[in-house]
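What follows is a pair of complexes built around chain A, which joins chain B in one and chain C in the other.
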Partner chain A sequence: MDWDAEGIDLSAEERMTLVTEAEEELDRAEDVLLQIEAAAGNFGRRDEDQERLDTLFRSMHTLKGNAASIGWEGMTGLAHAAEDLMQGVRDGEVPPAEAVADVLLRSVDVMRGLTAAMAAGKASPAVPPALVEEMQALSVPTAEEYYAGDSRSSTDLLRQLEAGEEDLDGPIFEVKVMISADTDIPAVRALQVILACEEEAAQMVSDPAKDDIDGGILDDGGRVTCYLAGIDDPAMLQTRVGDIEGVEAVEINRQEKGLPDHLSEEEEDTAEEDNGEASDASLVRSADARQIRVDVALMDRLMNQVVEMVINRNRLSSLIDTLGDHGLADLSEEMGATVEQMAGITTSLQEDIMQTRLVPLDNLFRRFPRMMRNLRKSSSKEFEFTIDGGDTEIDRSLLDAIGDPLIHILRNAVDHGVEDPAVREANGKDPVAHIRLSAFRQENYIMVEVADDGGGLDTDAIAAQAKERGLIDVDSERRMSEEDVLDLLFTNGFSTSEEVTEISGRGVGLDVVRRDVEEVNGTVLVENHPGRGSAFRLSLPLTVTTVRSLLVDIGSQVYVIPLGSIRETIRLEAVDLHHTGDTPMLPFRGDYIPLFRLEDFFPECDRAASGGDEGYIVVLSMDRRDYGLLVDGLLGEEESVIKPLRRPIGNIPGISSATIRPDGRVALILDANGLFKEMRRTARRAVNE
Partner chain B sequence: MNGTEHAQMHSMVTFLIDEQEYGMRTEAIRSIIPVGNVTYVPGAPASVAGVINLRGDIIPVVELEGTRARDLSDENEGLALVVEVPDEAEHIAVALVVDEVTHVDRADFAKLEDTDELMVARDRAAAVIGVLSREEGPLLILEPTGLLPEEEEVGA
Partner chain C sequence: MSKILVVDDAEFMRMRYKKLLSGEGYEVLEAGNGQEAVQIYEKEGPDLVLMDITMPVMDGMEALKELISRDADARVIMSSALGQERVVLSAIKGGAKDFLVKPFKPDNVLATVKKHLA
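Moving on to the complex of A and B:
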């Protein structure tokens, strides 16, 4: 069913707000449910447990309310059943046993499915009725009554309207509508009626209230009553409501203003009740009041504008120096001071905006315990899963980018990483394996690592598999180092899994993981300890918009090298190069590393380093391997603003992006990893030819 | 007008590359700029001379074969048309280096004739949509769409 076809009009924005809120509530609920499950029947003994149950109940209540407000029927019904069950648990009438957590977890899964469909604007998948029945069976019957006793008299409605904040001008109108029994979706029609009234009137109340239209059921035989104040055009209202499909009869009556005295006396009571409800709502609201939702696109635009300012700040600074050169020293000095002040503001503005884009990795990590629990249940492996460093903050756009790669790596850890308990025991290890997801900051990078204490990676098996797949031949295998072999894991068309299992190996491999991570200028690294486990480490840039870098001169053109990939810089004079093969080798920290020129990477490059004695070697680290790059000079460090390169030059390996120099010229940002990989590929091809 | 064919009058900018005159619809041209300070990009397709900073955007500079030799890495040595090239989702601005801008003219695109393969250098064949015969010699009409060189797989 299409949403529009159901008569519900949601803008893309409204839909996304709804979906985001639903996802948040589901995350929150799942977190509590997992704790209940882990406590194995001991939940509820501690004081804070009650608070968690309250949270869970509120999540379900919010979900139901939001879903009902737009007539999202499947979601409403399911959340309603879950809410009833939770209410019983919260009130101590249903024990928080594993069975309860389990059925609720399954409901959360279904609700996620509904949310995903909603996000994609697709028809909702059907809610399995058995799930709702299961929850109802566990619930206590009183919950049902709680919701049944919710119909209100017309005087209640009027009083509510009178109690409204605004002064009521003019008459109050009573609108009585009958929804046809033949309508497929009476609740939606009722909602449409209420929404139409809401739009026409300055103030209104209705029975049923908007939030109480539940699960597609209209309690009162299809009757909807609204009281409206501040109507411009009653005739217009009549037409609008009458035009709604499924509306059989509309009756609009003008009411006399004012309430009978005996009703006014009771007002205090009602007010108190209202306050009781309101305080619940205000609790929720006050928690959110200090935060606002901002569209990510808007944040991106803000960031871009600040970046432009940074570039202009640099430009201004260099212009002021020129003023001095023209004999305008006084002016130069005065302007210099002003610009410096502005520069300071720009810098802190940039930092603040960058800060607003940071989110703790927990936003992503908290999804994984659930996934790992399911994997544990569906596999023969025994393992513990721990998370460290979830409070490490990362740019929002990176959070989205590493979700899928991490899912894949974690699945691999369960599927290929850890051994069966029997095997572990035979090898003298704890039968329960350990998988650890951790994050930490290292200089200008955020490291996210998945480590297991399994059997490690079998390089022979990897090489054999690659040969079988035709990725390498016997000759090239002989020349491959261990790292080269491990690198094969990331090659397109490689999968070590003998058979495709349910957990991993669904045709998407580590090649996609690498591609996703490199797309955000990150790298993936494997660490292998045969017999003791393996680790996959993602290293991600701290920010996506600027990078600390070293400026170098190669062939009288400025290039930018991110500091994160530089090990050291050495004067060319000071070293003794070895020319034994095609590539000169440089002694470095007790080892020999290859020394490359830019034209080694780009054979047609006609502006290369001169290689004179004035030159420098920048030692770059690619994963754990180092190599030297010959440059003509070092020009200093800066915070470079990253600008994307678009087609037709957006995809050159070794050049990740560009930056704009204070003089307005473009400088290219080199990617040490990309350069080296390209080099190795060229070398391997040359040998094969 | 002969009445049987509808005239398709377009305003266009005409310019010279390698002594051949070309024309391009005015709507496709964003601006005419002095071009210099070009940053050479190793590994880029042959017709891309490099990149420049155009008001904060980094755009490629396309230099077709035969364009008068100049050192584009110096300040404002050349002349370029900034052209909007439609790409998959967005328009990409590209600076096309020309030798000289000659006129702003009107022409009837209904009178476009097919070009002889031999008449057009290969690096611009995709961009030339036809030729207008004139007394002073043929005028080749360019469309921005064909100006973007195919991305070369450097490692392939």
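Moving on to the complex of A and C:
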């Protein structure tokens, strides 16, 4: 048990369920609200619209119920107001207009804030009272339904009873009950009293009559009077009535009287369906008992443990190899077989755990329609926004990592990518632009792309801006390719926006986007089609914890190169290098590509020993361009465990992370993209000097 | 040990009920909507049903009708929110034994449950 700032007492599990469920309901509600808004007044005409309104109502109802059950006041009040408003909409009393969707969307935002605070165990932010009032103003006032049955005198009742059936003997019992005003729904308590009497008696009449109770509130000070005939067990009657919640006083009087001929005709009162609650159409979600929720922190721990196991498995394999060297070949072989089996199990365990961490990108993507809607409203741009491939699965931690970068890129697309409608029309384009967010899997990578059909990127303007900011000088500009110029976008201190807008803001630039993406071993690539649009593509690894890689040695050091970035390996003796400029060029697939040495830009590292023909060239591909890296030897492939480099080592261009070798030593994992950029930068600097 | 079937589409509510009721030694079964409730009722024959009203797939009123038609003695307690008075009235007329009003008050829930299992 832990107490949070609200004084709400919840276990960690309860809190997680509460928060997760709230998030789910809010997502679901937002979805419907956006549809209402998009339908612009035409919503509610179709059957499926009605189902959506039911869903929306239920979401608010669940949010309110959950919140109220723990005394989470801000949330309860807001969800209650939203529920009332939705009830009116669902029942056709309030039209599903844009204004309704708008105020509900704003409420959803506030509820998200409340939920986030709850998740963090913090005090809820204040709920703006105006928001609740606005919803109340839109709601149809629900007329309190008072019980309006005429109060009848006991003589009337007796006469009624006497006017009933013939030939009933025995005493008549008068039951007088007081229902507490404090009880929940007093009218229902009164009804329970009447029903209990009805069951105990052969015949009865009551004030109020059963049929007259149809609202929640009793008048007449909560008094209920019944006259009963044909009672077998008066004590039982006393107990049953007395046991009903909210019954304050029971008075049962026996009246020896001849029974009337027949009783009132009010008995045949079937429980008619009161359709206050319309039968709810089916909803997508059905509780699937074969699925369980697991805390992400636990998943992370599991993954880390498996990763440690992989390291140990690798180490064990290498130790067993050395047994042979000590004349224990038999033992080595036997242990080798066992370890191999264990290795197989470890691998599938690792794969399974990795599998469980996969979540559809929709979990992230569904935030964006709302954001884009807001951007559309607050800017002069006209655009459609579509999402494709949201069902593509990705590691959960990557989902978190790319959230902010995508927000930034999407905002840029609106702010800088898409032209004003008038400009588009003048250029013969559809005034409504198109921004598309898509995802798909490509080999061992997940590609997430934001593409717009706007004006594209103006490389001249980018270069000019970079010069102005002192990022490049005239000389280096001359030598820059288009890609180099586009790369400037990701440089710290660069911003193409001439004015600071509310949408893109200033301060955080694409450099942060790149840093965030590279931190998870992904890359950002920009594609430019002047006049026709641009695309920002994130390429993300399938997993975050291991990578298939080639081990190479350079000097006395072992380096790890992810297989994903390797095009080919070539024996040095098999090639004919061209030494025309500063960098030797390697003929490769009908082209010449530069050949680099690691020491070219890590002067302090071991030099590749191979001057002659002994070494190898690993051909790496950077985005769509290739280059060679000279290495001394190829040591084989392995599944390398990725250990991120943190402070004080931090971010080194060209090195993405490290791994632990089976012998326990650390090897650096090279980053083909970073290396290439670093090479070019070094090359430019060398020319400048 | 009495078996109680808790029917609510909100997982959080089921969790709260379960914690409270199992703490008192009851065996707690759960259903996320009316349809599941009917299925579980037939299979497990619980002694008492705590039934939410507003639920997807099959709501509480419909589920109540189904349960009563299968077992006229089914002990069903409706759990309602404020504002659902009329529905509760028709539930009681339709054979529900009692009702509880959310927000969930533990003492109230236990008293009502005990009363109907006595």
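Note that the second predicted complex is superposed on the first by the 442 of 689 C-alpha atoms of A that agree within 3 Å, B and C clash if a C-alpha of one lies under 4 Å from a C-alpha of the other, contacts with A are read in each partner's own complex, and residues count from 1 in each chain.
Convention: contacts are C-beta pairs under 8 Å (C-beta built on N, C-alpha and C of every residue); 3 or more make two chains touch, one makes a residue touch a chain.
The structure displayed is predicted, hence computed values, not measured ones.
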| item | value |
| --- | --- |
| Partner chain in contact with A:G65 - chain B first, chain C second, else both or neither | second |
| Most chain A residues touched (candidates chain B, chain C) | C |
| Which superposed partner A:R665 touches (first chain B, second chain C, both, neither) | first |
| Chain B versus chain C as contact partner of A:E21, first or second or both or neither | second |
| First, second, both or neither for A:V423, with chain B first and chain C second | neither |
| Residues of chain A at both interfaces, chain B in one complex, chain C in the other | none |
| Residues of chain B defined as touching chain A within the complex | 37, 39-45, 48, 50-53, 56-58, 60, 73, 87, 92, 148-151, 154-155 |
| Chain B-touching residues of chain A, taken from the complex the two chains share | 308, 311, 557, 598-599, 601-602, 604-605, 607, 643-655, 658, 660, 663-668, 678, 681-682 |
| Residues of chain A that touch chain C when the two form their complex | 13-14, 17-18, 21, 55, 57-58, 61-62, 64-66, 68-71, 76, 84, 142, 145, 184-185, 187-188, 191-192, 195, 210, 213-217, 243, 245, 269, 271-274, 276-277, 279-280, 282-283, 285-287 |
| Of chain C, residues touching chain A in the complex | 9-13, 15-16, 19, 31-33, 36, 52-62, 80-90, 92-95, 98-104, 111-112, 115 |
